[in-house]
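Please find the structures below.
Both complexes below contain subunit A, partnered by subunit B and then by subunit C.
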Partner chain A sequence: MTAYIVRRLLHLIPTFLGATFLAFLVIQLAPGDFLTRLELDPSYNTEQIDNLRRIYGLDQPFMVQYAKWLSGLMKGYLGVSLSYQTDVWTVLKPRILNSMVLVGLAVIFVYVVAVPIGIYSALRQYSWGDRILTSLAFFGLAVPNFFFALLMLYFALWLKDVFGHEIFPIGGMRSLYIDGVDFFSAPKWRQWLDVLWHAILPVIVVGTADTAGLTRVMRTQMLETKMQDYVRTARAKGLSERVVVYKHILRNAIIPIVATIGFLLPGLIGGAGLVEVVMGWPGLTPMLLEALFSIDVYIIMGITAISVILLMVGNLVSDLLLAWVDPRIRYS
Partner chain B sequence: MPEHDTNLLEGLGERSQSYWQKAWQRFRRHPFARWAGGVLLLLYLLALFADFVGPYPEAKSFRHLQFAPPTTVHFKTEDGRWTRPYVCKVERTRDLRTFKLEFKEDCSTHYPIYFFVHGYPYKFLGFIPTDLHLFGGPWLVNEEAYLFLWGTDDFGRDLFSRIWFGGRISLTIGILAVTVAIFLGVFFGGVSGYFAGQRMHLVRGIFRSPFKRRGFSEGRGGADDGFFAGGALARGWREAVRDRRLPLYVAGLVLQYGLWLGGIYLIGLTMYGFLAISEGMERFVAALIFGAVLLYMAWQLFFGAVTIDVDDLIMRTTEILAAIPSLFLLIILSGMMAQYDLPSSMRFLLVLTILAFVGWGGLARNIRGFVLQLREMEYAHAAKALGASDARTLFRHIIPGTLGYLIVVASLAIPGYILAESALSFLGLGIQDPSSSWGLLLSKAQQGGIAAMRDRPWLLFFPGFFIFVSILAYNYLGDALRDALDPRAEQR
Partner chain C sequence: MKRIVWLLALLAVGGMAFAQPKVFKSPNPNETPVYGGDFRDWSTADPKTFNPFVAKETSSTDVMDLFLPTLTGYNPYTLEPEGNLAKSWEIKNNGLTIVFHLREGAEWSDGQPITADDVIFSAKVHADPDVGSNSIKSFELDGSPIVWTKIDDYTVQADFPKPFAPALIQGWYIVPKHVFEKAYEEGKITEMWGVGTDPAEIVSGGPFMLDQYVQGERVVLKKNPNFWGVDEKGNQLPYLDRYIFTIVGDMNAALAKFLAGEIDLYAASDADQVAQIIERIDAGKLDASIFPNADVTTGTNFIFFNWNNEDPWKAKLFQNKKFRQAMAHLMDKDAMIELALGGLGKPQWSPISIPVKQFFTDDVAKFEYNPEKAAQLLAEIGFRTKNADGVLVDASGRPLEFRLATNQGNNVREKIAQLFTEDAKAIGVNVKYAPINFNELVRQILNTRDFDAILIGLTGGIEPAFSRNVWELDGPLHMWNYGPDFQSFEILIDKLMKQGATTLDQAKRREIYVRFQQVVAENLPLTYTVAPAYNPARLNSVGGLFDKDQITSIVGQYPYVETVFIKK
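What follows is the complex of A and B.
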């Protein structure tokens, strides 16, 4: 097992290099660089711009730029953000945390809702409850999350019109003031409560598609396991229905779902994607979009590198988890 | 004993059915799938006849009527009699107390709606000039009154017409991108699976390695002896002469050495540039690493030989593509390309290419799995034994076996591509004005702040509804097709 893990970890290195190099290559596709739009600014002359270009290393061939970035990465330094004029990590850290709050809550929401629904649907297959929930899942899978986010905002606006005050906040992550006090000087628990209140609608939007997907997987898994011989044996030897369902069916049905937990890792920062953009949540994706338009190379590279690492580690964790929960699977 | 007899008789009276007949039977078990198919057909027809269905051309804008609400169609006159549907003239006025824009109906004149009327001229299918429209009236072309069934957007363009024009892009880009992705996936996945386990030379060493013992060969009077003759290059040459494929060998050689030398040159250049701008410890370590890589490459060029599995190469590539979260890869790619000023047809192709580029990897992996199974089938071996070439065996005998799977994959993948296109256009990275696509139309809903959405909900509901419906329909269709065509589903 250890040998397997080591081999997988070594395997990650070329993949990581390839993926980051690809991203770097793609950034070179853009017309010009960060400083190109300064050339139109009359307050900069050509000499200053050339100077800046030299300072940021943008005059080097891109292979050299990439090598330099990589060498910085070895030392844990992600480079400097051209538009924020500071360390990339300082810029990204709060954004990553914001995204994680949103997606973390959404993940809890997904599992808490989807697993029980899947179990219910499978145990009462073709009942009215199952029919309704299954078609709802279909709808949940089909609705684009940016459209759903807009609908939710419209809903919040409508609630505000009806009740005269905000039942749900209309976008954003925190209020400016809590009870007349500036947000950051309010007590910590009030700050958290405020963020949670802001997170309700985005969490529902982010969670819906995954809930729908997981419900379907859970249902098929349960249905398949229900037909197994060992379940019939369990019933035949007179075990109570409770024990049969929870110890024999559920435990086996949930194996592939345990494995998906690893895939959540990359989702932690990128999973909320467009919802963050639409609902004004200051997460990573709005940051990425902003960086794209100003060609802020190292912000883009930083986000790519972090998400690539999370994705690869997540896949590895998934495989290991699968082997851990299912003794039938062996990696040599 | 009698049991066996009945078993033999079973099925005698039935007609045998082909694969496709059985598939059709399984497909019909899904009640929604045929509805979904019907809805999609309707949407495609409406998009095809967009010029005919919509009363206005795609880019026709009325600047003084931006964000006009849907025009009310009256069926009754003021005194309550039923009449031919008509509309009233709508004027935009500004409320002098609140400074809000208001749209006021002026029903002094009725403008009746006629069907199959002459309107704005257009070219049907791009080459048949006509001016027939589904509905409208002479007043519509003269701009005496306006007919905006679903309101207008920020340029005062008719949303109803633009939805159908947008459908052309939104509905076709998914199919086209899936087609391109499937071609790429079939090609690379097929090649990868077919040649899995066969090694290919990436570069052939010129000389015999000094660490290899002399005469380490399969005889032939010491043909392998000597500094030069023992290298991989010479050995390859002898094999090529034996197999009579010298031109191919030489061409491959030029390519191999060209790539390898190019690689050495690039790395050398990088090393030079890197060392020039770094100092201290970093400089030292970099020099070591770069030096080691260069030495290794040079050594392989002279004395070694690098072989690689084509399968390995392709699978590593798909792994690299899969390592970047696809949403990020999509928006980075299109974010970079969106900064060019491209005509709308180019932009369409660009979005299509990007979607296919991001999507082919997963397909290739799945098809590789299939090909790995199918290449061991008797008919594949038979084809080889009868002297069919690799290409013929792969593309005429093995790939057709994956057809059912390909149809399923395509129909399940299309909604994802439709979604991706609308997401990109929604962010302003895909299709851009004056062309229209559903994602782009939806993005107008949040223009001017979220609160503005309250005043113009039609910009939110209509485009979003169509994205939703088309994805839903494709999902239903794909589900039914999977049950009908997937060979693995048959066993259940």
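What follows is the complex of A and C.
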């Protein structure tokens, strides 16, 4: 097992180099660089822009830039953001934390909602409850996230008009004031409560599609396991229905679902995508978009590097988890 | 005992006499300002830094404006130069030397005095090419340096290589020398005051000081008790306790916040937004006012042709004044305002933006929408017959067609380009329009020069001398023609721009820039289209704002942030 883990970890190195090199290359292939947008500004001289290009190191050949970035990375340094002129990690850290709040809550939401619904649907297959939940699941899968987010914002605004005060906040992550006091002067638990309140709608939006998907998987798994011989055996032994469902069916049906937890890791850091932009959640996606528009190479590379590492580690964790829950799987 | 009291009183009076605060004129004498309250502004992007030597975009400088002083700026009522940290100045030596007198008694928020040393140090750092400050151009004139020297603790002198009309506008940020000097000597000045810096470490010399910065959410500034400004009654400014920027995803999110009463000021970008605000005010759900079409913005949109086209036939065509005038006759500006700007905006005919009242003139040649006239002009230059596809051809049978590009994603420009394309096709000019990526557009203009015609805009400013890069023959943005052959009107424009930048007399300057506008409007190196409207809106709880007829898009809704207040 140890040998397997070491081998997997060694595989990470070429994959990582290849992925980051490709990302760096793609950024360079796009026309222009960080300073291009200044070139059409009448208040800049050509010499001034050339000078900035020299200071930022953008005049150097592509391979030199990549090598510099990589050698910095070896020392645990993600480079200096061009637009912020400060360490990339300083800029990314608060964004990653914000995204983790949203994605973490969404993951809990997904499992807490999807697993029980999946079980219910499987046990009462083709009942009215199952049919309604199935239709809802298809809706959840079909509606695009960003559009659902807009609907939610509209919903929040409508609620505010109907009730005269905010039932749900209209975007954002923190209120400016809590009961007339500045947010950061309020007690800590009130601050947390305020963030949770802001998270309700975005979490529903982020979680819906995954919930719908997972519900279907859970239902299928349960139905499949229900037909297994050992379930019939268990029933024949005279075990109670409760024990049969939870000890025999569920325990086996849930294996592939546990395995997917590892894949959540990169998503947890990578942010919730466009929902963050639409709902004003200050996560990683708005920052990544801004960096892409301004071609802030090192912010983009920082995010890419972190995502690549997490994706690979997440894969490994998934494989290990699988071996742990399912005694039939062995790596050697 | 009595003597001590006298002494103290004398000291106090002496202190007052030494302190030379700036008096801020409030826009509306009938209002009674009150202290306290938060002003809630918004921004679509995070500040990138709090270091003025690093800042490159308005999302950073909008915040810096509130906590870093400058020597002078524009008076918001007259748009003439006005002292900020400089209380007065003397112009000597035919305008080659300007002596600025600083306000004695002005202090940084940490209690240190603001002196000539801070000014000279800041000038030195801004002018250092290895720092890369955006303000570096304020320290040279046509390649020669502008020299700043300290006369005494509260007097500095600037020596110009030649007379310079905007010399009195010294809008670069002054920083506390005692904070920045060590880092500068170590060559690490760009690492100072980044977004990760503890706000308490950031020293202010302006009306506000940094209080908190939460990435992606807000920037909060609080009142600087040491600020060097008072109102007309001598009360310490600013009135506000705090100034808050909420960072929002885009304009629509900002509008939603304004409609919900969560931000204090907003400028509607189009007729649809105006309608939404009016609807909410009329429904009694928002206590606010909006002034649609109060002014137009200084942004410009224009079409220009590539006179250096590698195809000599096209180059010759684009260099022909009659061709460009014919193209101008094909621009239906009323339709552009209606369809691209949602009915709010004005046609633009010349390079100086309409709100820049001290130089703008309406007395220029206007080639108004007139397809028959356009067809007639094209006939005069040889395009008399149409081919089987309905496209005009010249004597050799070559069809009149060219490519037009604009930057992708700019809805206003894309619609303007489409309207022009349709009108041109209607009389047989085959315009092949395709929007392209902005950076690619820049590359085509500045490097490869493989375009025919481009629709783009430049951010307009209040000072025409700062657009010399566009109009002088060797300017890097002389985009339609990089030479080596120039037409006589281009040489005239070059001369006018150079004169305008070095003439100190205001009336003579106006004459020069009026002539400049007339020459451009007649010859159309850039053909201007339409300028979007400025539609400011405000919550009625905000005081210290301009009345409707005082509003300009250059100054905005209030003359000074110092005299803005929140009504109780």
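Methods note: the second predicted complex is superposed on the first by the 321 of 332 C-alpha atoms of A that agree within 3 Å, B and C clash if a C-alpha of one lies under 4 Å from a C-alpha of the other, contacts with A are read in each partner's own complex, and residues count from 1 in each chain.
Heads up, the rule we're going with is that contacts are C-beta pairs under 8 Å (C-beta built on N, C-alpha and C of every residue); 3 or more make two chains touch, one makes a residue touch a chain.
Model, not experiment: these values are computed from the prediction.
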So, after the overlay on subunit A, do subunit B and subunit C clash or fit? They clash
Check your understanding: After lining up the shared chain so the two structures overlap, which partner does A:171 touch, if you call subunit B first and subunit C second: first, second, both or neither?
Key -> both
Q) Touching A:85 in the superposition: subunit B (first), subunit C (second), both, neither? A) second
**Asked** Touching A:282 in the superposition: subunit B (first), subunit C (second), both, neither?
**Response** second
Message = On the A-aligned overlay, A:18 touches which partner chain: subunit B = first, subunit C = second, or both, or neither?
response = first
Scan A:157 for contacts with subunit B and subunit C and give back first, second, both or neither.
both
Exercise. If you stack the two complexes on chain A, which partner ends up touching A:94: first (subunit B), second (subunit C), both, or neither?
Worked result: second
For this session: Using the superposition on chain A described above, determine whether A:41 touches subunit B (first), subunit C (second), both, or neither.
Result: second
| task | Answer with first, second, both or neither: which of subunit B and subunit C does A:292 touch in the superposed model? | result | first
Worksheet item: Between subunit B (first) and subunit C (second), which does A:64 come into contact with in this model arrangement: first, second, both, or neither?
Response: first
Note: overlapping subunit A surface for subunit B and subunit C spans 30-31, 153, 157, 161, 170-171, 277-278, 280, 295
In the complex, subunit A touches subunit B at residues 14-16, 18-19, 22-23, 26-27, 29-31, 57, 60-61, 63-64, 66-68, 71, 138-139, 141-144, 146-147, 150-151, 153-154, 157-158, 161, 170-171, 266, 270, 273-274, 277-278, 280, 285, 288-289, 292-293, 295, 300, 303-304, 307-308, 311-312
Contacts from subunit C onto subunit A in the complex sit at residues 38, 40, 45-46, 48-49, 51, 54, 56-57, 129-130, 132, 136-137, 190-191, 194-196, 212, 214-218, 220, 244, 246-249, 253, 256-257, 259-260, 262, 285, 437-440, 442-443, 445-446, 456, 458-459, 461, 466-470, 476-477
The residues of subunit A that touch subunit C in their complex are 30-32, 36-46, 48, 51-52, 55-56, 83-87, 90-91, 94-95, 98, 153, 157, 160-161, 170-174, 176, 182, 184, 277-278, 280, 282-283, 286-287, 290, 295
Interface with subunit A, subunit B side, in the complex: residues 266, 269-270, 273-274, 277-278, 282, 285-286, 316-317, 319-321, 323-325, 327-329, 331-333, 335-337, 339-340, 415, 419, 422-423, 426-427, 442, 445-446, 450-451, 453-454, 457, 460, 464, 467-468, 471-472, 475-476
